[in-house]
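Look for subunit A in each of the two complexes below; its partner is subunit B in the first and subunit C in the second.
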Partner chain A sequence: MAPSQTSYAPTLGKLLKSLNSQPLEASIESLVYLLKRRQVKGDDIANAIAHMLLQVVAKSKWQSVDQLLAKVSNTGLRLAQSAPSEQVIGNVVRRVMGLIRDEASEDRNADDMADSVSDLSQLPTTPTMPSRPGPTPLRAATLPMSRSMFNLLCVSETVSSPGTGASTPMSQGASANMHALRSEVIDGIEEIMDEISQADDQIAGFADIQIHPGDYVLAYLPSPTVERFLVKAAAKRRFTVFLASGDRQEPGEVPHAALCKKLNGLGVNTISLASNGLMAYMPRVNKVVIGAKAVYANGGVSTESGCSIAARAAREYSKPVIVLSGVYKFCPADPSDDVTEFERGDSSAFVDYADGEAVDALEVENIVAEYLPPQYVDVYVTNL
Partner chain B sequence: GRRPSIAVVKEDPRSSIPECFSHVPMAKRIQTSQAHKDVHPAVLAVGQQMATFALKDSIARLEATLLAFKKVIESYETPKGNSLSRHFVPHVLNPQIEYLTECRPMSFPMGNAIRFLKSQVNKFDIDTPEDEAKESLLEFIDIFINERITLAEVVISKNAAELIDEDGVVLTYGRHRLVEKTILRAKADGKNFAVSIIDDPYDQGGKELAKTLQQAGIRVFYSPNLGGLRAHLERASNVLLGTEAIFANGSLLAPAGTADVAMAASAANVKVVALCETINFDRERVSVDSLTYNEIDPERCSVESFRLMFDNTHSKYITGVITEFESGTDFAPAQAI
Partner chain C sequence: MSGKQASKGGAANKSKKPAKGGAEEKREDALQAVILADSFQDRFQPFALEKPRCLLPLVNVPVIEYTLEYLASNGVQEVFIYCGAHSEDVETYINDSDRWSPESNLCPFSSVDFIRVSDASSIGDFLRDLDKRSLISGDFILVHGDVVANIPLDGILARHRARREANRDACMTIVLRSSGNSPHRAAKARGITPVFVVDPTNGRCLQYEEMHPLQKDKYVKLDDSVFEHGEFEMRTDLIDCGIDICTPDVLALWSESFDYELPRKNFLHGVLKDWELNGKIISAEILEEGYGARASNLQMYDCISKDMLHRWTLPYVPDSNLLHGQTYKYKRGLWLEDGAHIAKTSTVTESVLGKTAYVDTGSKISNSVIGRRCQIGKNVRIENSYIWDDAVIEDGATVLHSIIANDAVIGKHSYIPEGSLISYGVRISAGTELPSKPVPRISLLTSEGEPAKTDCRLVGNDGKGALYEEPEDDEDSDSEDEGDADPAVLQSSLIYSLAGLNISRESISTLATHDSDEELSDDEYEQFQVKANRERLSSFASDDSAAAARALDQFHGDAVHGLVDALRADDNDDFDSAKLEFMGLRLANNASDSMMRKAVSVAFATRAAELMNPENGGLEPTKAAGRALTSKKGAVKFITEVGVGGNKVDLHAEFALALQKALAAIKGLDSVRAGTLLAALLQQLYNLDVLEEEGILAWWMDARAAENDTLSKIKERSRVLVEWLENADEEDSDEDSDEDEDSD
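Coming up: the complex of A and B.
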């Protein structure tokens, strides 16, 4: 959920609500800004991207599969560049593009079959391909009409393709076909959104297998996925949770108060560790649960900063490290040097600007995300 | 002190300590009126300062304790029919020690020094005149402070400063007196280098260190928490760590987080050098994990927020220890003892 802020500040929640009323470009722009300001974080990102791509498919004007792919990929690129460390953005964009290609090829195959049974006249080739050489091998050179109930009923929009040199008008049949594709792709994206929203629950389903009665479980900066995992386990098991976070809490402020309350209500003890180093507690800990931001092709994990401290300490004492990650976070990228780089965040929180001496003295580096090498991970729990 | 003063203890603060840490001791504030009547005012003051962490560092506590004991010795008069060598320790010194231990568990050098002091008293012949014995004890304490604390600090910082490479980057964790002295010494020797400070967000001593070093003209990189550790290690040429104690098996007792720093550094092939006065060595006890000898932070001892003050660093992560007697980077602390 988007953090509650003053009513003027843009939030993801507001953006999603306003998606239908706003022009597409404005929505994309505001999501780009939310991402750049890191106001959309963690597990909300995948959901936000899926919503946005749905809007792109539904609202933008396109006459061919390639045009659609180009639009999705351009939007995806803009979003990904606004938060380069979030591999999940690329994942969702790739999923949607794959979906479009699949649907397009299915359509064609279906039509091929239809051709064999019916003698529908083939439509002439429509050379309205966009200039961008799309990576798609499934270029629908011919766009035959398919005779579905949907196509018969829907009113085809006859929009001339804007901006393309060859202004061959789309025939009614092709346009109806695109219309069908549009609704199929929208359905597909909704399925992806469902998958994303259900992932946490499905992962939590494995909680009671991993967590045993009497365990001491260390959760470092628990993400919503980890929280659900722990709560689910708490329904069946009696164990103790150590909660650790990298940064100082003000006295009286209880970190993860809502989670503690939920767990305590289920009879599970929670201990909030006010410590950065975790070696001291590791002899007591039975296992470490970490939520992934993304999982790379080699098994390395992109995590919140400090997770590698927890994982290293766990390795020292041979305690298992469990990484929770929905399948949508598995990305094909290999962690080359540029992704193993750390993401640096706001440093103003650590040095008070009133303390001029300190502001001058320090070159503050606040690392907010880091890479956890695969050798520190024992188990990946996913939703499939 | 820097820490906000805490309210005087109402009920048993230990009741909120999680069961699994219930064996770990914790400092507590005792009202001066509740202290044993034999406790000397100077010791009372030291006890209060230790309980509130105004005196924090193990050596600072040692020095304050010894100076207070000097006052105790000065004001001591042997009762009639008794001898100093028989009466002083059980009837005068021990209540002081008990009180101090109640305020905060004794630091390892305090234990060592008190053992030395007691054996010094035992050496006196039963007929030694009181004045002579007192004089001798006072002198013993002065020499002890001079040799084991003041000179040790000078020698260690001098030796350690030689390890700082020209144009290198020294990484340290939090703020420790010896590390600070070493860095300033190297700067005064005309070396040019930078310092990376990894801070403990719950203590923030590193921030103070950063300011001091900046004033001395040293370039400082600062990471407010351990999250920046790996990034900082990439450019570090060596790591200097301060310690609270070194056990007979070579493990270090040091501020919580030190073990994580030492382990990450040795994984990154960066030299890890611990600085430690020999008075901090414990030759009898061994510690294999952080729950053997530790202390609970009395300000963070509830279910909502719990903190151990120290951790245990295995000797395999330490390249070398610098003490005032021997130094070198080629032997493990176990051999250095």
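Coming up: the complex of A and C.
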């Protein structure tokens, strides 16, 4: 669509613009329905959730940390339920809640971590602290391994807040503290938002370490993260990219044309493949790059459907599989219960609705995401 | 699709940076939409007796929710809802809904207004009312209250606007979804096939017709104006999504035509037909992707429900939980809401179960939608059915492809055959087997809304309810074209079936045969052939000429009938009204001059022959001819103007030939008497200065006048007249030459 046209359909952009002018409840409702109608997708979701939780912290009335936690948790639950297949929503909500607790309990005992678990139990996935993902997680050598995610966010000076909870009567000083807490939390959420928006760039920063001159790289249904990764690598290296796409295509249409053009402009060759020809090309491929939708506690990855074929083919020929994932996509849930609940997409991706016989006779299952077990993944590249 | 997402992503990325002072967005006029929540049809009877049809549950969600959600997803700001029957129910529903209530700040619309029209009896009344209210400021979306669609409107609106800016008369865009060539369930489910004639180069809609299997002739007559377009397509495969983008001009058009009722059959057809009068252009957006359909009848209801379960309608699927408080989860072919329980030994496949619905042991349920709080007993079999909230199906019952409405009870071991419609609160007692014919439609109310007397033979001894009977429609019974049954009958049942309906098996591709003696004149036929060829050139298969021939045939019959009646009438000496009627018929059927000539000659020949019969006085041929031609004032003038139609020799000859053929075709008149009568008629006409002698002589010389025995015998009787004329002619010319000499 040309930008000059007036567009009426609600989008995330419009919602974010109207956040200040709308009552909080209406904004949340709008986001819930954007999620339900799939009008926000992919990596925008995390950003949208962070924005909304920022509004909850900034606009809603709360007198104590517990109240704030309850509000964030309720909003988070609603948002998570409106798109149950998006693990990222839960992750961001948990990050924000953890942040609030951290800010609130700088002085308190470490055991309030235990409380947080019970508070969070309403979320659809059982929250536990994210375990170390993957068999051989790759982290930037420059960053100390010991730093946890939450500590990363606590760069500002600590706030001393009194004990919280409904039993504690609020004093003048406490309300001032609450005010300070509010701004601390808002700063923290803004940092989370920065982190989310910079994740792709940071991941792309590792591209030249992973991709070597003369490599043949297979990218299956490249996500924006993967695209940026390849483009960044192309700036420094000469290599060849196989672009595989599994979707039904119009004849003559080049899949991922924009990416091809960008890569070709940087002097990198691109070859488009149909997904059923993957195995034949695998001997020539040096590595497979896959973008993650979410990474589970056991290291398994939720990816675009079809990626596991590529990964299995790579395993067959002992080629490394690289998964790109921002840290905010790491979720504490175990995949075992959820594998069957992957989102099913529109049937028209495979069969034209105009094909009456097929519509009558077939039951089309268009699974838009699938589970890639950890044993197929060789390297995880994150933004840490 | 992907392009669209990309652009959305782009928008989102942009808005990350921007600033809080984001009032730079130019304030456009808010998008308005009008929902027609009632269509004044009885396709959903008996269910719509008690509940407005837009609140009937479609996959456990009231139909209007889908429409509202669709409008919200396209950024509509102001909504006007027109409700017909049960308008209070619709208003209460919307006002109580925390999502749509105008008071709620959650409502995505800036305003939701209900408009009641007290004496409305059609959609046309709604739209004429809307025109009077001047609520509409610009382009608006006109949707029916039963639309299920996921077609993004942004692009369509933009293209509509571009067309309107290019041409002020482009007033409306219709959204259509192509359904391909193969037999499609959505296409089969509608009973009436819409025929759109579209110019594929610019999407302009040229003509609209409707066809259905019950109509008498299976032809669509194309307007002549259609052929002026270089290229056109006739599409019967289009699914009408019930979404129109309109400018306020559309409302003005409705107001101008006070008798239009239906937006398609009357309005679209009429506006396109009178294009030369109103000059308005209507465009069609034919979409190849996306989903759009109207739950306009029970078959479409069935079809859309299936499409939803097969996820063609994404995001309008049960597990999107678009309704507040809905908690559907999808797992292995089942959509279960919280608290729905299926006993372990039951098999339930591809079905939806509402909140706290309960299925007991040993039951088999497939491809069905089961509402909230339904109780399904042991060893029940349910297939392809829609069980609405709170219904109870007791042990061992069988329900096949039926709709069971709220609170209905199906007793133990009873059998509900395919296509049954069991309305609210009906009770089928244990062990009852409903007959499959007539298809059971059981309700507690009659078609007038009165409580019905329970029919124990039908529903069993403990049962409640009676067979619902269609109201006798007096208005329809006066439609005179016999055989043209109301297509509504096709749409009122859940299962589309032509069985038991009287359908002519006439093939579309053969020319209509006429059993009347009069054949179309040759030139008429040629004309049709040319037309048909032209159509073939534009790759158009249906044979139109036969339909036109049939129409002309009908014109001939009606015209002759009217004229003869007027000639017979004793009490009335005036022929003008008959003439008026005849001209009206001619305009209506677009009859050619030769057709009129034929009709006039047949009428007068018939009358003259009648007068010669003994029961009418047994007049002499000469007197009969004179009486037929001159008894009515204006008849002679009529023949001169209409029958002959000009002062040319060949026209006079044609009329004489037509008279001759007409007399030859009259039964019970032997050729001798016919010939005498012809001679008498010709003489009278000559005396009355209707026919000139050159004309009669040209006829005499014409080979067609002696094509066969009968004709030549008839012709022979006029020899005396012709010879006399020839002499007269000579005398005339003598006189002329005398005069010439004199003048010299």
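As a working rule, the second predicted complex is superposed on the first by the 303 of 384 C-alpha atoms of A that agree within 3 Å, B and C clash if a C-alpha of one lies under 4 Å from a C-alpha of the other, contacts with A are read in each partner's own complex, and residues count from 1 in each chain.
Heads up, the rule we're going with is that a residue touches a chain if its C-beta (ideal position, glycine included) is under 8 Å from a C-beta of that chain, and two chains touch if they have at least 3 such contacts.
In this text, all values refer to a predicted model and were calculated from it rather than measured experimentally.
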| item | value |
| --- | --- |
| Fit-or-clash call for subunit B and subunit C when the two complexes are aligned on subunit A | fit |
| First (subunit B), second (subunit C), both or neither touched by A:Ser275 | first |
| Which superposed partner A:Glu29 touches (first subunit B, second subunit C, both, neither) | second |
| Partner chain in contact with A:Val368 - subunit B first, subunit C second, else both or neither | first |
| Partner chain(s) touched by A:Leu181 [first = subunit B, second = subunit C, both, neither] | neither |
| Contacts of A:Ser308 with subunit B and subunit C, given as first, second, both or neither | first |
| First (subunit B), second (subunit C), both or neither touched by A:Val92 | neither |
| Contacts of A:Ala50 with subunit B and subunit C, given as first, second, both or neither | neither |
| Minimum C-alpha spacing, chains overlaid - subunit B and subunit C, in Å | 10 |
| Contact residues of subunit A, present in both the subunit B and the subunit C interface | 347, 357-358, 360, 363-364, 366 |
| Complex contacts: residues of subunit C adjacent to subunit A | 3-5, 7-9, 11-12, 14-16, 18, 20, 22, 25, 28, 31, 69, 72-76, 99, 105-106, 108, 152-155, 157-158, 177-180, 182-187, 237, 288-291, 307, 310-312, 314-315, 319-322, 327, 329-332, 350 |
| Complex contacts: residues of subunit B adjacent to subunit A | 18, 20-21, 200-202, 204, 207, 210-211, 213-215, 219-232, 256-261, 263-264, 267, 289-291, 294, 297, 299-300, 303-308, 310-313 |
| Touch list for subunit A against partner subunit C, complex | 1, 5-14, 16-17, 20, 23, 25-26, 29-30, 33, 36-42, 44, 47-48, 81-82, 84, 197, 224, 340-341, 344-348, 352-360, 363-364, 366 |
| Interfacial residue positions of subunit A with respect to subunit B in the complex | 216, 240, 246-249, 251, 254, 260, 269-284, 305-306, 308-309, 312-313, 316, 342, 347, 349-351, 357-358, 360-368, 370 |
